[in-house]
Structure formats: structure tokens, C-alpha cells
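Shared between the two complexes below is chain A, which pairs with chain B and chain C, respectively.
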Partner chain A sequence: MKPKVAFFDFTGCEGCQLDALNLDAQDLIDLLNGIDIVNFREVMTERSDNYEIAFVEGSITTEGEIERVKRIREQAKIVVALGACACIGGVNCLKNHVPMEEALRIVYGKDAKYYNTIPARPADAVIKVDYYVRGCPPSTSELVKVIKALLLNKKPDIPNYPVCVECKKAGNICVYEKGQTCLGPVTRAGCNAICITSGRYCWGCRGLVDEPNIQSQKDILNKYGLTAEQVIEKFKIYDTCSEVLK
Partner chain B sequence: MTQVNINVHHLTRVEGHGNIVLNVNDGKIEELKWIVSESPRFFEVMMRDRYYEDVNHIASRICGICSISHSTVSLQATEKAFGVKPSEQTVLLRKLLFNAEVMESHILHIMFLAAPDFLGVGSVFPLINTHKDIIVMSLRLKRLSYNLAEALAGRKTHPLSCIVGGFAKLPQYSELEDLRKRLEDALIDLATIVDLFKTLKIPDFQRETEYIALKDENEYAFISGQIASSDTGLTPVENYLKVTNEFCVPQSTAKYTKNARDSYMVGALARFNINHEQLLPKAKSAAAELGLVAPNINPFMITVAQLIEVIHVVQQSIQIIDRLFVIGIKEEPHQVNPKRGRGIASVEAPRGILFHDYTYGEGGILKEANCVIPTNQNHNNIQKDFEALVPAILQQPEEEIQHTMEMLVRAYDPCISCSAHMLKVSFK
Partner chain C sequence: MNESSVLVIESDPIVRESLSGWLSSTGFEVTSAEDGAKIIKVFAKSDFNIVIMDVRLHSETQLATLREMKAIRPWIKTIIITSHPQEETVLEAKKIGVVDYIVKPVDMDDLQKIIQGTVESICRGNLTDDNTSFETSGDDLVPGIKKSFAISRENLSLMVENLLKEIEVVGVKAKQGKYIYDRIYGFYELSLDYDVTVSPPTRYMFPPKETLLKFKTGNGNYVEPVIEYTPRVIIGVHPYDIKAIELLDEVFMNHNPDPNYIARRENTVIIGVDCLHPSPRSFAPSMGTNWTETGFDLLLTDIGNSYIVKIGTEKGAELLVKHTKYRLPTGDEIVRQKKVRGEALNRYKIALDTPKDRIPKILEESYDDPYWENRSATCLSCGSCIMVCPTCYCFDVKDEMALNLKEGERFRRWDGCMLVDFAKVASGENFRKDKASRFRHRMFRKGKYILERYGKVGCVGCGRCSSACLAGIASPLEAFNALAENIRLKEAATSVIQAAKPARDIYTPEMAEILSVRQLTEKEKVFELKLKSGKKLGHYPGQFVTVSIMGTGEAPLSISSSPLRGKNFQLAVRNMGDLTSALHSLEAGATVGIRGPFGNGFPLETLEGRDLLLIAGGIGLFPLRSLIQYVMDRRYDYGKVSLLYGCRTPAERVFTDELDFWQNSKEIDFHETVDMPCEGWTGNVGVITNLIDKVDIDPKKTMVAVVGPPVMYKFVIEKLKKRDLPDAHVFLSLERKMKCGVGKCGHCQINGIYTCQEGPVFSLTQLRSLREAVL
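Showing the complex of A and B:
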């Protein structure tokens, strides 16, 4: 029996699910030989609530979503958080920096009273999550790697060292040398430092490594004459560093 | 049918969450609604107080399908606020990047979301066995668009290298040469998809409405031009609020828009109706083959108009690469001096006209943002289409009515989670 797999979306851009379809034809055929996709609203009409593996995408931002993700947890043997919003809260958490009433007023003005929202949170703030496919968006190859590991009943091999390691391997010039700031020293690798290789810097979308070397990040900031506050403000985007860099 | 109760919760094969409700009692329509039930996103709040360098990074996360559109319009709004004028090279690279998204998004909709309806299945997955060649071809086209975006911006979903004033990394000639060959091959694949579409039966439903799209006198507009309406003519982008006129509907979960009539349409068919004369030759001849003639007032033809646009952007991308080879790709200084002020920009996202309106304060910090999203502008038109369509098909069995209504919404290719304004209301 092929394991039954379902994809569910919460608050987010749905880019993670769509990137899951960015496969070569043969890879997609191979994947579908290994799993039976029974629920994937974005691309299929059929919906079954009989599944063993659930991928959840997006952050939890309403009371209704809390109930829905709990029901998914009750059904699934394995729950995988897919993407930054589900894994660490993601960009949706930016609204948590202002009171919810003010957020509603800014967007909806005098009609704010009709609407409701709660502070955004990752899936594991509500339910137990078994595996994480990190990144905004995750790389398709990492998603396939995790699915393969699940099928083999093995723990997926996700790096627990900082982005700097992969960035060095990629031969990039350190962005601090270019006068910019970067969260690479404390962010979990696995992305091949794609943002720095593409001419930008790390925003921390994959979350922190398990034991981030805070002192090293502080030393770097000191060396380049930067303060923690400057960096915290800049990197609130994925809400990963506000606690750690204090 | 004298009794109909259709309640489609979270319509499938669309981006985001929407519901369809139809209640008919004793032959009389009592309730007929297209309802949006997306959770609110609050992007206008999320972008506030951010430094300009990070604004397009956040804006792109409004939507996973059209992140390049949001990123591009965001960069343009910031540039307008700061008085930055992008170079010819930057504009060409942006167009090429934008074309990659139009191509990917349209193929995703045409072949993966809409085609299953025409071929009588629930998803693309069974088509892998029954229509393997055409699915392999579609995946190849999608892969090409991903690779094109990767060469220009590091990746397609949430692009990286495009920044205010230019590009943080430039593509290699060798990459562009390879992509150019594959774009030529794509035209052959697309001809096969055109042949498939000649055999499909598109529902015949006519309802004239107002059509709105960007118009540029030099080309079929995607990232430049003024607002053009089939009813009210040209309006500068800066005056977008006079065209969109967003309003809240008490029983609805989304902000609606209207201009000259009760509703208007944006997207591929609106663009085709307004700009069809500027399509490149291969797109024009494909439109003729498929019987798409402007003005076309059948919303089910949006999918066909998308296919025509894919052919156009592929042909245009080849021309852009050729032009880049002529002018040469070189490192350009992009000096950006943030200024206080407002910048309003507009692009044609795959699903229609999109506006970002930014006000910057001191030190390059964004103080206010407003985003008007294509799908929000179509919701009202979908509702009006329902009101015209459903009475005409009420004699059909309930499941056929439901299927036609679902197909109509899907034809608009709604991108619901884009909708920065949208909200959550409970319905009984």
C-alpha cells in the first residue's frame, strides 16, 4: 500500500505547495509511484480525510485555523510543517509587532469591527509537528528528500550548522565586507546560501540552528561597528532573531 | 431544477480559499453568492516601518504564484518615490523575469487547474497516464520558466536579485544562450497545446462588461503604461483610486471594486480586448486559429487568452535576449538615495492589473502602503457573471450547474491569498 499523503494550506502565499509541482516529469511520475496524494485542494477536486502523512503550509492566524490544524493532527500519523510560515511563523508574524486592533484599523479603517485575527504563529505553537521542511520557499529538492526519508522510515538529514558554511563553499564574498548585515552566522543551512549567491543577504527564513553561536554573531557585529538593535530591526521579517540577539 | 442547494466550501483548483453558494426554492433563486473566505493577511501592516531594501522582499510574499509581479511593482513604486529611473538593461531584464512568471502562472492554470475540467477528470494526476505527452510538455514549459527566472533572479518563487535601481547579480551569456534555444523549442510545444485546445469545448456564455488593463503605446503592456478602460479610456496610474473605487459589501468577505459599471474585468481577456493589436505575430495567428477575436465577452475564454499570451511572452523573450546580446550585459552602478515622498506603480500580474502605492518617510523607511490586487477587482465581476449565467442553466441537473459555476470561477484563475485586503466573516 502506498502511503496516503495530504496537503493543507493555512495563512500564507501557497508558494510552497506550488513549488512542490516544479519537478521534472520523470521525478513527478516516480514520486506518484511512491505516494498516493489524496487531498491537495489547490490542484485536485477529490478530497479524502483518510491519510497518514499531512503537509501543513502557512501560519495559524485565526481561531478557526487552530481547530482545523488540530483535526489534521488527530487524523495524521505524521505531520510535516512545509515552509517558513508553518515552521517558524514567517512573514505573517510581522503583524504581531503592532496590537491586533491597530492592525485591523490600518487595513480596514472604519470597517475594522467586522473582522477578526489573532497573532500569527507557527504550526508547532498549536500541535506537535514531526518534521520540518524549512525555507521561504523550501527547495523542491529538500521537499523530495524529506518525502523519501519518510517513505524509508528514516529521519531526514537536515543540516544543523549555519548558512555561513554553505556560503563559504559557494565562494561568496561575506556580505559584511560589502557593508551589509546578514543572519547567515546563526541561521540553519540547507539552502546553499541561495540569497547571498543571488547578490542579497540572509534574512533567516530557515530559522535558527539548534545551538546558535550568539557570541560569534555579536563579535561580527562589533567588528563591523553594528549594534544588535540595528540587526534585530532589519531581521524581524521571519521573527527568528528577536529573542536570540538580545 | 426547482430545488437546488449548492454549497461549495473551499473551491478546489484555485489559489486561496473561496466558496460558492446557490439556493433555489420552487424555481426561484434565493441566494447566489461567490464568497471569499481567505484569512486576512495584513501586508499593509507588515510592510510599514520597513527599510526600502526589504520592502519588495516582503511584498513578494503576498503571493506564491505571482511573487515576481508583486516584487516588480514594489520596486517600481519605491523607485518612483525616490526618483530613480532604471536603465534600459534593467528594464529588459525585468521584462524577461516578468515573462517567466506570466509563462509559468498561465501554464499552471491552463494545463493543471483548468484542463482537468475540459478533459473530465478531477486533477492533473490522472492525465499523467492518459495524456502523458502533453503533461510532459507542460512540465517542460514550467521548468523552462523556472530556469529563466533562476538565471535572472536566483529563483522564481520569491525572486532575489531584482533590487531597487537594478539587479544585484546579472545573468551569464551562456545561460541566456541556452534559454534562448529552449524558448524556440517552447514555441513548438505551445503549437501542440493550441492543437489540443482546438478540440476542447469551451462553454458559450456571453456577458459584456467593462475591461481594464494597462496600455503602452509601444508594446503589449505588462510592466508599463497607463490604465485603459474599454468604457472610460486612459487614466494615469497615479489616479488609480478613481478607477478602482474599492468598497465593502456587508455580506461579502472581500473588498469589491467598480468603475463605470457595476463591475469590471481584469486579466488576460481584458488585456487581449484592449491590447490585441500589439500581440506578436505568432500569438496573433494562434488567436485566429482558436477563434479568439476582440472584443470577446465570454469569460470562459480567459483560459484561451492566457494561452495566446504565453506564445506572445515566449516570442518576446527571444527578442529581449537578442537585444541584450546587442547592447551587452554589464555591471551598472545603482546608487539609490532614499527620499521622503509617495510612489504609485502598476503592472499587469498574470491575473490582471495590480497597484502598489507607497509613502516613504525619512531614511528610506516605508510609512504607508496600499495594494490593490487583481483578484479583488474580479470578485464583483464573477458575482455579476453568476447572476447572468445561473438563470440560463437552471434547467440542468444540480451537479452540472455546480460544475459550470466552478469552471467559471476557475476561468478567472483567482489568486485569493493575494488579497491583502481580505477578511474572514462567518456564514451560517
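Showing the complex of A and C:
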């Protein structure tokens, strides 16, 4: 009996779902041999509320979304957070830096009165989440890795060490050695340090490791010339810095 | 070279004689002379390393003598004695290599300190002279091993271009102001005068990730070892990295030979180059790794327009003959090689304050030093230090299934002791859970454990870790120097290393069939297995095997049955992690992979003829049962046998039929207890240590074997000590995270020893010197 799998989107760009489909043909066939997809708004019209595994994408930003994600939790045996917004709050948390009324006004202007919003939060702020597919967007291989682990009933091999490990394995020259700054030392690896390898730095889209040394990371950012405000400005995009600055 | 030969040049005969006499009496070989100019001829032919000279610093002739001596022997250390120190002349003297000066009248204590410091600095870099010895004889152009030749830059280029036509060439090149190892396609890409590369060349022998096995699940359970390699020349390897590769050779080629490493190593040609412009963070001379006589196929020294090339192996010689032109070096070139090496030595900015041989002892005495806690507070546990270290080689092993869930690969990837989960097992226990213990463990590996286990330095002083560490705490040099300050010497404990068993495919499991499965409790089952080859497992009580379920992974499990009971063996297993959970879902007829048996079991010879006290806590009965069965099978070999068993609740009692049997047997004195009784329980209640009181013990005749959770050991040991049992009579089996089973991956290390090799059974005497064992 193939497990029934459903994909649900909350507040986000839906890029994670889009990326999930980015498999080559044989992989897609192999995947569909292992699971039944019963609900996936972005690719199919059929809908079913009979599923065992639910992928939730996006962060929770309205009261209505809280109720909806709770209902999904009741139905599903396993809930997987898909992507940075669902896993750590992500880009939507940018609005948490201003009062909610102001956020509504900035976004909707004179129509603000027709909308409601609450501070953005990750799925696990509302419900229990069993597994995480991290990243913005998550790599297709990571999604596949988590699905395979679910099918094999084993823990997915997602590291609990910082990006530095994979960055060094990639043979990169440290961003700090070039005089710049990076959240690699506290961010969970698993991305193969793709941003640094491509010449940028780590924004922390995969969230923190289990035991980040926040104080030391703060001291280092400071030593490399960033004030607390500059740290927010540079790293607030995925909300990882709110932890760093607590 | 004799570092204690001193030349004294002093015009005043009284001072000269008293100084020479005093130096001789302190153990120096002394030659003395009245006038420097006269001794120059003698000087060129002798072997002095330290010159003590009385100088009137304004005397141009004397300064000229100094310059001349320095030109002949660039590494000479000169100490001058003067009655008229003037700033500009002192500066001038320093320029020509004077290491220190002392003002008349000479204070012997001061002089002794200065000479001692000079001798130590020579000892630290004392490989200069040996390395510059030439073994070319006559006009012999036959390129034998250890011979040195000269090769022009053009001809070196020719050699590299020729090599590029037939083999992959990796070399050092510049990138963003740093240097890296990378594949090159032309000689012009090379930067052979670099300081240090960001990551070491060891990745070409031991890559960050590599496949060990390919497998198919389902019928037949097909498993095939994978060994991948590319023949390759690496050009530009500095001596300290060559020393690191020599360590890896020792680890991977001589103890449980690792076929994957061997294939890659044997297909790698190493062309080294002397490090003449060291990184400011390097302290290679302190570790004795700034020069090397071994470990390379060819070694280059850049002496300006040409290179001196030294031949290290037959392969290196062939390569030289086949691909380029070379010639005998001229006398001038030989002198220039000495000179550039001497200059290089002076460019190192930092050094050990103590001889490197003292480091193991310093560490031994600093185990409980507050340094570890204080210095590691800012550690990010980011692993940067270990990922750039040329002597780090620990790894993790994982299975990755293909999407069709029918086939997959078992791969290994770099892992290391600075990472949080490195020593964490499935039950959640983390045997090195705080930053300080991980930080200390790494320093102990770098300064002590590796050296004692393999006889080679565990830190080559390249300085990469201290560059990579954002918190600025990773340099072993800093740790060693800081700790050395607080140390007094004492006898170091000798290491416990035991010869390992050679095996060919050490990572490939042998298939075994599950013959039967029996549920013991809600969470525990016992599996009876048999190797498909029909061979006996050949284990001893207390040893373990690793069990593989291809696609899920591999885990160590202790053997629960006696080797005396036929070809089958039993594994009793608690459902706790991925592998055990998968194993629990299997039924009779299924196939699993087995590697082992591994480690040291209970010391059967020591136990023979003695009274035995066997103590099991919880599922500690699983491994101990192999010994209990063995003892029962050879009951006549032992005196009185007592067995104590305790678990948390009656529902958690395992092997209840056997417990009943022992209860009623006259051959064994059996007592059991539970921590929390339930209704209907009529037996003992309380902790297992209470049971020890119920047993008569003759401490001289009694041997004790204990297996249980870590928390139990402390209390049991206390109780046994109250009953006067000597440490050498007490044996415990320790749990640690075991991955490879062959003493390589590093996860199971307790201080300097590997649990999978020297353990899991240890005597209490052994454990007393293993502080990470925490008793």
C-alpha cells in the first residue's frame, strides 16, 4: 500500500512546491511508484482529504491559517515542513519588525481595512512537525532524501553541524578571510554551502543548528565590524538573525 | 649535526679559559680561539652551530669576520660578548645574524640561559643540515634514490607539460589572494612559492565523500565493494603536508589496510617543494615537519633560476628520466640551497616554547586544567579546524538508497570530534557533549593520542586550523604553549596499543540469515543468525559485530550467545534507532550483513579457575549472557559463580526463562532485583548494588564482570571497592558510538584508545587512566 501524500501551501511564494517538481522524468516515475500524491494544488485538480503524509509549505500569518494547519495535523500521521517559511518563519517574518497595522498599510494601502494579519511564524510554532525539508528553496535532492527516509522508516540524514563543515569540504576560501561576514558558523548544513561556493555568503535560510554558539557568532560579527543594527539589516531576510540577536 | 658544539673567540686568555672550562663542564664541545680572522679556515671545515665571540662592536674587522662566518654557514647562531654596547652597532650585528649579546663582565647565569635558548631553537629546526647532504658520487647521472640534481625552471616546466599529456596533474595555484590545490592544465598555473593552501592535499587520498559499497536489496541482497581512484600527480606539496600524508599512510595502510585509500595512494605521485615562505601561523620547525627526507617521489627546492630536485622513490626517478633534463648541481647551487633553507627557517614567526617530545606529557598532566573550559567558551563547534586539518581522518558511514528503493550505496564522508553529534549514540547519550571535552579531545589527538598510537606527530604545524577558526582558539601551538607553562614533569603512562588483525575488505559485510526471532519484551527481541558461508562466526564472549541492513545502515550489536553453542549466534536487540527498528521488522528467513567479530571480549584466561561475580543491569544482560552461557558450558573450569541481575520494572526483565533456570540451578548463585515493583512481584526491590551484599566474596579469588548502563558503573565500583576487590579483578564493558569497527572512523574513541579495538571490555585498571570513561 503506497502512502498517500498531500502538499499544502500557506503564506509563501510557492517556489518550494515548484522546485519539488523539478525532478527528471525517471526520478518522478520512481517517486510515484513509492507514493500516491492525492493533493497538490500546483499540479493537479483532484483533491482528497484522505492522506497520511502532509507537506506544508509557507509560514503561518493569519488566524485562519492556524486553524487550517491544525486540521491538517489532525488528519496526517506525519507532517513535514517544506522550505524556509514553514521551517523557520522565513522571509515573511520581515513584517514582524513593524507593528501589524503598519505592515497591512504598507502592503494594502487604503484597502488595509479589509485584511487581518498576525506576526509570521513557522509551522512548528502552531503544531508538532515531524520532519523538516529546509532551505530557500530546498534542493530537490533534499526533498527526495526526506521522502525516501519516510518510506524506509529511518531518520533522514540531515546534518546537525554548521555550514562551515560543508564549506570547508568544498574547498572554499572563508568569507570572513575575504573580510566579509556570513551566518555559516551557526546555520545548519545540508546545502553543500552552495551560496558561498557561488561567491556569496550564508543568509541562514536553513535555520540554526541544535546548539548554536550565538554569543560567539555575535562577537565575531561584531569583530568584523557589524553593529547590531547592521546585522539585522544584512541577515534579517530569513529571520535567523532574530535568534542571533535575542 | 651536533647542536652542542661551540666555538669561543676571545682575546683575553683568562676570560677565554674560564668560559671554555665552564662550557665544557656543562656538556658542550668547545673549541676556542684568540682571534676570529685566523679561525675562518678551520671554521669552514668544522661543525659549529654556536659561536660565542668577544666583539668590540665598532671594530670593522670583527664585524667582517662575523659576516664571513655567516656566509659560510648561514644557520650559525652567534652570541656576542661586549663591553661597549652601542645601539647602531648592535643593530648592525643583528642584521648579520647575531642572535643575542651579553655585556661584560659576563654573568654565567645569563649566559647559560642564552645558550640554552639558542640550543633549543636549533633543536626545533635541526633538520637543515641533514637535508642538505648530497649523495651524488662523481659524475654519476644515474638518478638513484636520495640523490639530488639540478633542474632549470624551463626543464621543470617541460616535465610538467609532459606529465599533463599522460596523467591528471593537481597543483598549487593562486585564488582570491590565497592558495588552493586544484587540477592544472599548464605549468603557468602553478604557484610553487606559496605559503600555505586553504585546504590540504590529503583530500586526493581521502576524499570528503566516497562510496564504499553498492548494493541491491530484496532477493539475494547483492553487495559489491566500490574502489574508485584516478591516477594523479600532485605537485607543490610542502614537507609538513608530506608528513601528514605519511601519517595517513600509517593509519590506512598498516593497520586494518583500507583498500580504498591504498588504491588512491598507490596511484598518486607526490612532487614536493620546500616551504621557503611559510605562513605566519605555521610552526612546522617546532613539530619537525619543515623538512622531509621521505614521503615524496620528488622534492624541489627553489634556489632562484633553478631547482634542486631530490629523488625519493624509483617512481620519482623514472619520471625525471622520462620527462625532462637534469644535471648535477654546481657547488654554488648546493651552497644556495643551504642558504635559502636557512633563510626560510628564520621566517617562521611562532614556535613551541618547549621541545615537542614533551607535549604528550604536558597534555597528560593538563587533563583537568581549566584551560579547556575557558578557552572553548567561544567555540562555534563549526568543524572548520578539523575540516582543514591534514592529519584529521575521522569519518561517518551512511546508506543512501536510490528512489526506486531497490538499490543504493554505502558511503563515507568526513566527520570529526569537534562536531556536536560525533560521539552521540541512538539512545541519545552523548559521550562528549560539552564544548570543553570536544576541544580537549582534539588537542589530545593532535599532541598525544595519534603520536602514541602511530608513532608520528598528530599536528604538523601547518597553521591552517588557526587561520580557519573564527573564534581564534584552534591553534594547537597556543594550547601546548599555554599548558606547558603550568606543568611539571612526571612519568607518562604508556599507551595501550594492540596489534590489529589484517582484513581485506574491511567494510564489506558477510551475509547472514535470520533463523529465528523471539520477542523478549515490548521493545526487545532476540535474533538467531547463521553466516550464509556456513562458517562459524568465531567470536569470544563480550565481542560485538556490526549488523547491516542495506539501505538503512549499519550498527554495532553485542553478541548474546556463547561461541560454544554451535555455528549459530544470537543477537538480542532493543528497538532504539534506525537500524534496530528495521531489524525488528525482519522475520526469520531475512538476510542481514555482518562484519566482525570486533574488539576484545572478556579475558577468558584471566577468569579461568577463579570465583566469578557477574553483574548485569538492564539490557547489559545481552552481552553478559554470552559469558554466562560460556561459563555454564565449562562450569568445571570455574570456582563459585554468582550472577546479579537488576532492571527497572518486572516488565523489562529479559530472557525470563533463563532467569528462572538460573534461579533454580545449583551451579550458579543467582540474585535479582527491580527498581520499581508491580503488583504480584515478590522478589527483591531496590538498586542492584544491594545485591552485592548478598554474596560472599573472597577478593583474592574473585573476578568480576559488569555490564550495564553508565550510571550503574559508578555505584557498583564503589561497592566493590568496599569489598576490597582490586581494580585488576574488575572488568566492564563500555558502550560507545561504533561505526567502522576497525579503529579508523574515530567515533568510539575514549581518550587515546578505540573502544572497537581495545574494548569494549576493559579492566578497571585500564579505565582508571582513561578519564573520558568517567567512572
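Definition applied: the second predicted complex is superposed on the first by the 226 of 246 C-alpha atoms of A that agree within 3 Å, B and C clash if a C-alpha of one lies under 4 Å from a C-alpha of the other, contacts with A are read in each partner's own complex, and residues count from 1 in each chain.
Definition applied: a contact is a pair of C-beta atoms (placed from the backbone, for glycine too) under 8 Å apart; a residue touches a chain by one contact, two chains touch by 3 or more.
Just so you know, these numbers come straight off a predicted model, no measurement behind them.
Asker: Look at where chain B and chain C land on chain A after superposing the complexes, then choose clash or fit.
Answerer: Result for chain B and chain C: fit.
Asker: Have a look at where A:Phe10 lands relative to chain B and chain C in the superposition and call it first, second, both or neither.
Answerer: first
Asker: Let me test your reading of the model: by the given contact rule, A:Ala125 touches which partner, first (chain B), second (chain C), both or neither?
Answerer: neither
Asker: Who touches more of chain A, chain B or chain C?
Answerer: When the residues of chain A touched by each partner are counted, B comes out ahead.
Asker: Angle at the Cα centre of chain A spanned by the Cα centres of chain C and chain B: state it in steps of 10 degrees.
Answerer: Apex at chain A; the opening toward chain B and chain C is 130 degrees.
Asker: For A:Ile78, decide between first (touching chain B), second (touching chain C), both and neither.
Answerer: A:Ile78: touches no partner chain.
Asker: Check the residue A:Leu31 against both partner chains and state whether it touches chain B (first), chain C (second), both, or neither.
Answerer: second
Asker: May I ask you to decide whether A:Gly64 touches chain B, chain C, both, or neither, giving the answer as first, second, both or neither?
Answerer: It touches chain B, and chain C stays clear.
Asker: On the A-aligned overlay, A:Ile173 touches which partner chain: chain B = first, chain C = second, or both, or neither?
Answerer: second
Asker: After superposition on the shared chain, which partner residues are touched by A:Tyr108: those of chain B (first), chain C (second), both, or neither?
Answerer: first
Asker: Is A:Ile232 touching anything from chain B or chain C once the two structures are fitted on A? First, second, both or neither.
Answerer: Touch partners of A:Ile232: none, neither chain B nor chain C.
Asker: On the combined arrangement from the superposition, state the nearest Cα-Cα distance between chain B and chain C in Å.
Answerer: Distance of closest C-alpha approach: 12 Å.
Asker: Could you pull out which residues of chain A sit against chain B in one structure and against chain C in the other?
Answerer: In chain A, no position sits in both the chain B and chain C interfaces.
Asker: So in the complex, the part of chain A that touches chain C is made up of which residues?
Answerer: Its residues touching chain C are 27, 30-31, 33-34, 144-145, 148, 151-155, 157, 160-162, 164-165, 168-169, 171-174, 176-178, 184-186, 209-213, 215-217, 219-220.
Asker: Of all residues in chain A, which touch chain B in the complex?
Answerer: Touch list, chain A to chain B: 9-19, 21-25, 28-29, 32, 37, 40-47, 61-62, 64-65, 90-92, 94-95, 98, 102-103, 106-108, 111, 114-117, 136-137, 194-195, 197-200, 203, 234, 237.
Asker: Show me the residue ranges of chain C that touch chain A in the complex, using the header's touch definition.
Answerer: My answer: residues 175-178, 180-181, 198-199, 203, 208-209, 377-384, 387-388, 398, 400-405, 413-414, 419-421, 435, 467-468, 470-471, 551-553, 577-578, 581-582, 585.
Asker: Flag every residue of chain B that touches chain A in the complex, lowest number first.
Answerer: 10, 12-17, 39-42, 44-46, 48, 50-51, 54, 57-58, 61-65, 67, 108, 112-113, 116, 122-125, 128, 135-136, 139-140, 142-143, 146, 153-158, 160-161, 163, 167-169, 248, 417-418, 420-421, 423-425
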